[in-house]
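Below, subunit A partners subunit B and then partners subunit C, in two separate complexes.
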Partner chain A sequence: MANRAGAQRPNGATQGKICQFKLVLLGESAVGKSSLVLRFVKGQFHEYQESTIGAAFLTQTVCLDDTTVKFEIWDTAGQERYHSLAPMYYRGAQAAIVVYDITNQDTFGRAKTWVKELQRQASPNIVIALAGNKSDLSNKRMVEYEEAQAYAEENSLLFMETSAKTAMNVNDIFLAIAKKLPKNEGGGAAQPRQQGMKINNSETSQASEGGCCK
Partner chain B sequence: MIKLDVIHTQHRKMASQSQVLFERDGVYIHVNVNSTTADKDAHIPGRVYLAQKPEGSFIEWKAEDVQSLDSNQNDQEWAVIGTTCSVGYKPDKDNVVSVSSKAETRKRYNVSFDILDLKSFKRNAPNHGWAYIIFILKDGTTYPALHFHSGGSKALLQQIGKYLHIKRSPNDSRLFIVQEHDPDMLSKSFDELHLFSESSAYRVTKFINDPYTTALGGFAKVTNFLRDSIMTPENVTSRPKEEVAEILQEDIPGMEISQQVEAGFEVVTKTKLPNRPEVTRGQPLNSQQWSKHMDRDGQIKDVEHLKDVIFRGGVEPCIRNEVWKFLLNYYDWQSTYKTRADERKRKVDDYFRMKLQWKTINDVQENRFSLLKERKCLIEKDVTRTDRTHKFFEGECNPNLQVLNDILMTYCMYNFDLGYVQGMSDLLSPILVVMENEVDAFWCFAGLMDKVWENFEMDQKGMKCQLADIHRLMQFSDPELCSYLESHDSGNFYFCFRWLLIFFKREFSFSDVQRLWEVIWTERPCKSFHLVICLAILDTEKTTLIENKFGFTEILKHINDMSLAIHLEETLKKAESIFLQLKNSKKLPATLKEILGMELSPSSSTSSSCKTTPIGTPINRESTPKLELPFQGRENGLSAPSSGSGTAVTTPDDSSLEILTDNADTAMNLVYN
Partner chain C sequence: MAGKSSLDNVTQSKVDGYGFERDGDFDHSSYDEFMSRYLAILSRRSIRWSGIVSKKNRVPRSRKVKRYCRKGIPNEHRPMVWMCVSGAQESMASSPLLYQTILKSQHDESTVEAITIDLHRTFPDNIYFSANGNLRGPLFNVLIALSHKNSDQGYCQGVNFVAGLLLLIVKNEEKVFWLLDTLMNDILPDFYAPDMKATQAEQELLGEIIKWKAPDLHAHLKKMDIQWCLVATKWFLCLFADVMPVETTLRIWDCLFYEGDKILLRVAAMLIIQNKDQFLRCRTFTETMDFFKQIVNNPKITDCHAFLQKCFTELGPFPKAKIKALREECMQGVK
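Entry: the complex of A and B
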């Protein structure tokens, strides 16, 4: 068929750039990382979403004006015990969403720890978003919106309260990230996936930063 | 302004502007999520479409029931499945829940993808009744098999063939790969050889260090390249129809030419190791056999034979709750009715003593006991999301959830140093379902944790070691696949993490997991048989991984998506025959023997294998002294007192590494002639 050459996709964005970004989700266990991804990628929500063992990988494409942004999303296991594996996932990531649960103060503290770690160890230009999830449970709220927003501002993070359950702000947070990511031509070095994923190798410098546009 | 344009086509109803080019009903997805599900639920009927939409051509499959259940929320773009579910709980538990949760489970299986994202598909020969197709996307997404109960798979593929150029894999007649349409495909193929890139230097050094492995990987690439250039005609556009015609020729097995080209390296791989012997599986241990193995006092006779039977066929579900107690060191194999009664009494007391320890901590205390509080929260979070689709745990306020919770809390007190780690609830749940008793389930779980606690340690050393062990085993058992994985960022074998951590719990249906576990717990034919099972599954997926040219992310996604799509008995057979192949190889290095747990001579215990013999398990269970099998018994564990049933035919190891260089030369000639 003729339209193959033009790669007419997605959503009719025939022309324009295609950018590919690696995004990682971090945060305490059960704050709703997997649920946010499931909502964003498949439009679903499972009340009894099973815990993530190891890591999951998903992709989703969004259109931003004339640019097609393809997210390669790494969803990780949240428990402290699996912390030593996290660098494998955030290494080389151009974006991260650090998630906490607005009904649980401890998860907010843990989110701050993740932000610090990313600022210290991840690619210097990484775009970090903070997501206060489960906003549908506002009657059980333990973390005030203003508190989180002030923290986000201090650390120049994107910030939104989200609900994987009602879908509130889920697409929006991913789109806000897509918007903030550099989409300049030749911005990235090698293809993001060329970077090795090696355990026990956190010293190696981050190969590329910035997105890869073709 | 941002265009809020996430591509969510699969969850919208077929939009009116989309044009259905092809549809067929009677297409099923088979789910064997758990054994208690009535058979009718195991096959989800649905309809497959090829639809032209403004954003592209899509292949979709939708479950039939979901369509009708959905009709009242037709226009809702973001269907919130969970809400309908929780609303349904209150009024009429049985009815509403079952309908809406059924809809939820079914909807999970919906398939929708842009045809341009298709990377390959597998289609079985339909002589098993009907044809099925498994679609695999470029990002590694692997959909469950679509079974065409009333035909139509050919017709669908014919349609797809109008869009894509498809080639049958020369190595697996069921696998079909979508060819890239790149006009400069040839130069790309050159690039993939890495002959001219900077990585060639790396290859050369590697060749010096490990000529054998590198050469094999290289040959595979060269032959692939040759095959591509031989098989790819100049004029790509004229091909598709013929290719599809060929796909539909069920009886023509692939492409002769390329198989010849491939022959060179086939020879090399095959001569390296002895053949994989045929093995057969047996019937599960039944209650008559079980009681025959007990003498008048209730002591088990001929334990080794019993374990052989269990290894070969598992245990019938009705006696599981008895047999598992022996396999998990709850009872000693030497015990009698009398000692078991005493033992059980002791265990009951012991359990409730420990349970009281955390039960009696009040809120004030807990606030000053943050570590315990933290664990309590973690356990709560995981208990609510463990196997909730299984009958035993389904529904809000299911009392079994409380039992699950209490056992895990008590385990925290029993082994406070280890605590609760994610994954443990997955290990406990099948045990609780079998035991149906809190105390028994606790002690069996504790027995299982004694075997696997290293996986859950803080530094993850146990996991990393096992991943490294799989790597070493594969370097020997399948250097070609091993070198492929290494050169695709996957030499860390991280994609096996979930398999190992929870012993394939998420990969098989509930009943299959129970079968698999009892087989593994016999520690036959070797102690680390689970590592060989990993090799077996990867062996089955080898062609798919290599011919799709999957990298780290795609491999991980493909492996994760294979959950519930792995055939247990076939996998066990293959794993045993790989084990025998290794065992029969004269060249099997001592380190590998040790990884496998084959060799028990005390002198070899200092070798470089990752496996550390724990200096005592974290808990000293004075009450149940660890049963040590006599040396002899374990060493011959495999062939020991020949069980008669399906003992493998083994072939002597007559081909080995010496011949290898010759063959490598032959292969080289083949390639360069």
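Entry: the complex of A and C
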């Protein structure tokens, strides 16, 4: 389950739809945003993950039935002062994962602030997932599962506890997002882009990408 | 330690002369090829430098020293030359007790927390910054002292990498503290301010320079929806540390400490413009972003001597007045 479980090859050469989505990770410094992305994209985990400066851009593709979903992932820096740059990354994003650390109550509070900001300022149809990361450290747990789940339900968020370290629920949360994203004709990114999104440029990329799940 | 000895005999090793572990796919042969040429250049520069370093182990600022800095400071003189030409030496001499006094004072709790989070996340692939290394302590000291002295700016993630590389080269906490203080206050004012406006503006300025020096490339990147802040934030905040090969970053810093911020723009512009043809072939946002990752670390960049030379000869003039005017415009554009 650790490696790229989301990126299986489809049986045969069924040419389905290809959708491209912009996804942003938000959350306090050191909650494990970069680690989640590294696990999802490369199947790896580093005990000592470098601090992210600015933001890192990565891509990963998952297959859902006959649809190829390509994520353009923005892994952002968590320090408060980088907050002013955040809108640049979530503007036009179709999905967001807001991450907190289950061993640190403050990071859960910060996650709620991010959710509020996204609900107010991001695209109206953005799919938001809440990830309670470091679930392998349950002996140091400070945020109860039920508390976070209740909050997620109230706010219609996807919710999972994850562990970048053990890989638990990492691919699953990305897959759950992929399932929830609208996959209308011509790719999911088409519509929001017309609403003035700056960053996506999926039109040309779909043409050149061709096949499913490289 | 002589500059050469830290570079010699390490080309085949798993760890480079600065303590960085090499990737499995490290290109030994092209590195060796470059190094054999570069060592000859270094020893020639070393002889030249020994002619201008005074008996008191000082260098003055002069046109000659500026030219010498552009051609590279030998490792054995680097800490001293950086301290002298940047003005850090003078600041240190005028407040000889300050560093120790700050370290002994009460530290702000949230700053301590923010810095502590980054201690094991700064160069984790360097043996001196690993759990068994001896530089995490000095890194903490330098960062906490810096944040206290410049409490209006506080601790900005990114400075940890600059401080880390300075510690590897200068090997003296207090000097590193003063070099960073000089960077923050004199060489790059407001770069590390909490509102991040100056760094955002600097990236917009980079865009303006690309537009001026290579308008077709600028138009293409715009069509690809590239925003400058998406590509260059780390370049500017880390001053290319943890972005480029170490040797190249140090050559950039040789110029930065002497002549200031313009070198960052020159380097950033050269990085992009020297790859113009490949950029023009990128057809999508994703392709373009992926290519941006490749341009900072490849054999063209490893050859720091040729690259730096190119930055000064191939971009044409960067008139101070024009840069200043453009910067002010960009600053106004950043909300």
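In this section, the second predicted complex is superposed on the first by the 171 of 214 C-alpha atoms of A that agree within 3 Å, B and C clash if a C-alpha of one lies under 4 Å from a C-alpha of the other, contacts with A are read in each partner's own complex, and residues count from 1 in each chain.
Keep in mind that, in the parts below, a residue touches a chain if its C-beta (ideal position, glycine included) is under 8 Å from a C-beta of that chain, and two chains touch if they have at least 3 such contacts.
Fair warning: this is a prediction, and the values are worked out from it, not measured in the lab.
In the superposition on chain A, no contact is made by A:109 with either subunit B or subunit C.
Look at A:59: by the touch rule set out above, it reaches both subunit B and subunit C.
Within the superposed three-chain arrangement, the count of touched residues of subunit A is higher for B, of the candidates subunit B and subunit C. When the shared chain is aligned, no partner comes close enough to touch A:16: not subunit B, not subunit C. Once the two complexes are laid over each other on the shared chain, residue contacts for A:175 go to subunit B alone; subunit C is not touched. Once chain A of one complex is fitted onto chain A of the other, the partner contacts of A:48 extend to both subunit B and subunit C.
After overlaying the two complexes on the shared chain, residue contacts for A:79 are found with subunit B and with subunit C alike.
Residues common to the contacts of subunit A with subunit B and with subunit C across the two structures: 29-30, 46, 48-51, 53-55, 57, 59, 72, 77, 79, 81-82, 84-85, 88, 198-200. In the complex of the two chains, the subunit A residues touching subunit B come out as 1, 4-5, 7-12, 29-30, 39-40, 42-51, 53-65, 72, 77-79, 81-82, 84-85, 88, 106, 165-167, 171-172, 174-175, 179, 193, 195-200. Of all residues in subunit C, only 114, 117-118, 120-124, 130, 154, 156-158, 160-161, 194-197, 200, 224-225, 227, 229-230, 233-234, 237-238, 242, 283-287, 289-290, 293 touch subunit A in the complex they form. Looking at the complex, you find that subunit A touches subunit C at residues 29-30, 46, 48-51, 53-55, 57, 59, 72, 77, 79, 81-82, 84-85, 88, 198-202, 204-205, 208. Chain contact summary for the complex, subunit B toward subunit A: residues 2-8, 10-11, 54-56, 77-83, 85-86, 104, 107-108, 114, 116, 139-141, 162-163, 181, 374, 377-378, 381-382, 384-386, 388-389, 421-423, 425-426, 456, 458-460, 464, 467, 489-490, 492, 494, 497-498, 501-502, 506, 551-553, 556-557, 560.
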